[in-house]
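The next part holds the structures, each set out as structure tokens.
Paired with chain B in one complex and with chain C in the other, chain A is shared by the two complexes that follow.
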Partner chain A sequence: MVRFIVRRLLVLLITLLAVSAATFAIPYASGGDPVRTILRSRVSDQALDPSAIAALRSELGLDRPILVQYLSWLGRAVRGDFGMSFTSRTPVDQLLGTAIGVSGTLAVIAIGLAFLAALPLGTLAAMRPGKRVDNGVTLLTQSFVAVPEYWLAPILVLVFSRYLGWLPSAGWRDPTSIILPALTLALRPMAYFTQVTRAAMSDVLASPYMTAARSRGLSGGQALLRHGLRNALLPVMTLFSLWFAGLLGGSVVVEVIFAIPGMGRLVYSAVVNHDVPLIQGGILCTVALAVLITTVTDLLYALINPAVRVRDGAV
Partner chain B sequence: MALSSSLSRDPVPSTAPRRLAHLTATGLRAVTGRHWTLRIGAVVLALVLTVLLLTPWIAPYDPAHQDLGQRLSGPGAHHLLGTDQLGRDILSRLMYGGRFSVSIAAVTLLLSAVIGTVIGAFSARRGGIVDEVVMRTTDLLISIPDVIVALFLIAAFGTGYGMLIAALTIVGWTPFARLMRGLALEINSREYIEAAEALGCSKVFIVFRHVIPNALRPVLSLGFLRFGHKLITVGGLSYVGLGVQPPDSDWGAMLLDAQPYMQRLPLLVIAPGAAIFVTALSVTLIGHGMELKRKRRTDAS
Partner chain C sequence: MRLPYRPPPTPETTGDTALEIRGLRVEFSEPGHASATPAVDGLDLTVRRGEIVALVGESGSGKTMTALSAIGLLPPGARVTGGRITLGEEDLATLPPKRMNRVRGHRLAMLFQQPKAMLDPTCTVGSQVAEPLRLHRGLSRRQARARVVELLRDVGIPEPERRASAYAHQLSGGMAQRVMIAAALAADPAMMIADEPTTALDATVQAQILRLLRHKQRESGMAVLLITHDLTIVTSIADRVAVMYAGRVVEEGSVREVFDAPEHPYTRALLKASLLQSEEGKLFAIPGSATQSRALDHGCRFQPRCPLSQDLGIAGRCSGAEPPLHTCGGEHRCRCWASEHGTELRGEAVGV
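Our next item is the complex of A and B:
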């Protein structure tokens, strides 16, 4: 177990180093000269003053060897210091902090919604395999996977805020403004959760301990609640963290549509405005979070798994 | 081996018309008698692909032709689906836009599948430290949202078709590698691999001649299942203005253009989104049907 943990952490460290090097290299890749990139983003003028370039170069320490620059950048990045955002003149770590909170809230609500809908649907489908209910659920989940969120969102806005006037079309201040984006985001995880619930549940229903429970005199519903659900939940739970990691930075399109000040929209606007420190901080932060969450889930799962096997055998 | 034997089950007739009839019959047999999701999906996808292939000949208008007197008109006799804010025919734009959407998604999918399959197969064949590194890499890459990879590449190198394809392939190969590795581990323990090794075949030869061909079916069904995701992501990047750049326009870019006018003409938003939805759904259904059939077969054996 210790070897397992050490190995995973080592891989995590290497990955983070690789990603940090890649994000550090962004301004070098785009124009070759980061100073020109920065100045161009500020003045948007092709004719740059050579003395201004030289001044900025020494101000930013860009006349030093590139490895030294990377190491000092990394040293500051580890402490959360990515410098100032060009566009908003605010420290990048502050912007990232608030944005992570917003995206996290949205992701938790969306995943919660998805789970609440997926559990009964998946169970129903598993109980009647090959029947009309099962086919219906299959078609529903396959359709949900195929819905582009940038299609659903405008239609929801059109119906619920323009025509009916019930919900705000964008923003984040009002609690009601969470409803439409959360619904939009919940659709795809819901479809996947349903599929996994169905698969796990049909395994459980076919297992000997369910037959044992039924033969002890438990009704179908009781057996399902007391033995089935508990055992079917674990595979669904492990999906949660994966989706959480994905939605934290990956809900760019939905955040842009609904003007939600989350991670996705922050990184997107940084890319559009060539705000280099914010791009670096945002991308490194998103990827680091995703990778960290995955590693922690892996470790937790490895911890839980033997216990699960023992419990299954004991029932 | 299994694949070649299933292909040569019937003796192929020699004359040309007979061969054509035989091909048609094989094609029909591939669709009928399968799971209902596969049948529906195959028919819809065939329709969509036919329309997109024939677009230059059957599109009613030039997609860039502006009829400024006929802006935002609803469906009618001249314009079957109406016109957009510049008086361009929506149906023609849908047909031409679909060619970009579908072909970009297909290219990224093909690249991802080929790269992932080869990496997975060699990883399983090699084992040891190489296998460990490959698997840990896929574990971590799979958790990175591909939109973030796309934003990263665009920040570093700017927009473009190459960037779009690269962004979706960098993360996209991982599920294929995982699947292929699992299948390859199983195939590697079979007798015919042992026989090939005993005959002195090289690793590369065994992987390409025996391992990959025997794992094609599951890889194919995964490919079908992943296509919708690619199509939607490509459209999403175009929707936020980072994908297909004007004057080219795909379904995602059409949705972006339609945004300010959606209240006046909802069809402007509904049509391109529906095109993505129908295409993605049909391909996913095919994948689902194939997957079910494969599961049933492995359960039965």
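Our next item is the complex of A and C:
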């Protein structure tokens, strides 16, 4: 197991290094000169003074060779220092810290809701294949998969804020304001989780080891809890980690609609404003988190399914 | 029209019966189809205490369905539609699910064909052997753990302490079947059903597992219903044998009686097709297939494939009514018109 973990961590490191290089290059590849953009936002005069451009360029360190810029950026990024935001003149790590906290809270709640709803629904459908419950669940999840967030969010706001007046329509300070965006974000992953749970659980329920477990005297429910869930969880976990990593990066649509100060909105505005340090820091953090979550999932997977450890030569 | 079920004449319901099946009928109902195909059709079978009875027959004869209906784990779509399965005082065919849970793994245990697939890949084998102990013997986790190690040692697993925390994929097929035997024996059942327990194993391992099974059966005095299509296994470990064809028993008796002097043409064909009686370098195959017989609703099921029926000129009788299971000496019983007519009839056909 130790060898398995070490190997996974090495892969993680290499991935992050590659990602950091790509991230660093993005603003340069996209064209547009950040120095000019910044100056234009400060000075109303459209004809920019060349000496001012040169001064700002050297102040921001953008006049050095690109490899030097990358290495010094990487050296600081490792310590969590992504420099100052060009536009707000605030350290990028502070901006990212609060935004990740917001998006993270939202992601945990949304994915948690999705998972808690999907597990019993998928299991129930798998236990009664072709029956009314199964058909109902299939119909619902297939429609939910097709529901876009920009449509669902206004409907939820109309119903729960405007007509019923139960919940705030936007904002972040009030704890109840998290409910509507979380529901909006939870619907599609819930539908996908349910479908995968149903498929995995049908396989598991028909598997020989379940019959064998019953033959030892376990009731249907006991066999399901002791032997069914663990095995059915494996495929669900993979999907779970992908969705979770995706949501951590923030959802632009939902954060804009509900006025939530999360990662999606922060990075989006950084892109619009050519705020290079913020774009780089934001993307690197998002990707690093995603890779980290995938690695943790792999480790959990190996913990639940010992056959994986053997295949990867770790026992 | 189907023949009404006729109970066999012999008095067998004595105190030494472990498992008694009478007139068992198992049907598959495909959704959308009104008609059901019986997989088992009026099966009678008795297993006495302390004996090993082999149930033989080709694929599709209903052997496995018989086993699964006894332990109450028929696959979706199949169900028992008639007959009794008596274990001790209870009829397992009508026992409520909760009480059936108390029977499985406790008084009636089961072995399966693919031992590795029968173990949950995510749980240690020890925890699975422990389940009957915890459920039926009320042992604590610690007590069960200690007992599991003893059980694993008893079935010949080396380093049982270490193997108890192994996973299915770390075991060979033979080791996995030993684990399954340990789990089946854990709660000391009076009856065990073994459905082709050695079919998926190497020949040498097969012999070891059979020896272990025989040894354990002698030691505990439990009854075993061994389902197999391999007649060499029958001669090596069974006391009695029942031959099944198209959902019913067509011949039964002690292994010596049946194999030394088979009465039913199907049994003879099976023996001829097996390694026990094959001529050098040649294997005999029974012409036709068992599916031909499924569609029949009157007459002898084997008639379409029977060589004797034509040779003796009694085809009319054979296709007209199904022969009863009649006694042909000792415990030996057979379901064949030619056999009932006695040796003179057969003498004409064979002796000329």
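FYI, the second predicted complex is superposed on the first by the 243 of 315 C-alpha atoms of A that agree within 3 Å, B and C clash if a C-alpha of one lies under 4 Å from a C-alpha of the other, contacts with A are read in each partner's own complex, and residues count from 1 in each chain.
Just so it is clear, a contact is a pair of C-beta atoms (placed from the backbone, for glycine too) under 8 Å apart; a residue touches a chain by one contact, two chains touch by 3 or more.
Being a predicted model, the structure only gives us computed values, none of them experimental.
Within the superposed three-chain model, A:Pro154 lies in touch with chain B and out of touch with chain C [touch as defined at top]. Judged by the touch definition given at the top, the superposed model places A:Ala29 against chain B, while chain C stays out of reach.
When chain B and chain C are set side by side, the one touching more residues of chain A is B.
Of the two partner chains, chain C is the only one touched by A:Pro208; chain B is not. In the superposition on chain A, A:Ser169 makes contact with neither chain B nor chain C. Of the two partner chains placed around the shared chain by superposition, neither chain B nor chain C is touched by A:Thr184. Legend: residue contacts after superposition of the two complexes on their common chain; A:Gly217 is shown touching chain C, with no touch to chain B.
Residues of chain C that touch chain A in their complex: 31, 71, 73, 76, 97-98, 101-106, 109-110, 112, 114, 117-123, 128, 131-132, 135-136, 167, 169-170, 180, 183-184, 186-187.
Within the complex, the chain B residues that touch chain A are 36-37, 136-137, 139-140, 142-148, 151-152, 154-158, 228-229, 232, 235-236, 239-242, 252, 255, 259, 262-263, 266, 269-270, 272-274, 276-277, 280-281, 284-285, 288.
Only residues 129-130, 207-209, 211-220, 226-227, 230-231, 304-307, 310 of chain A touch chain C when the two sit together in their complex.
The part of chain A that touches chain B in the complex is made up of residues 8, 11-12, 15, 22-23, 25-26, 29-30, 135, 138-139, 142-143, 145-152, 154-155, 158, 162, 242, 245-246, 249-250, 252-253, 256, 264, 267-268, 270-272, 274, 279, 283, 286-287, 290-291, 293-295, 298.
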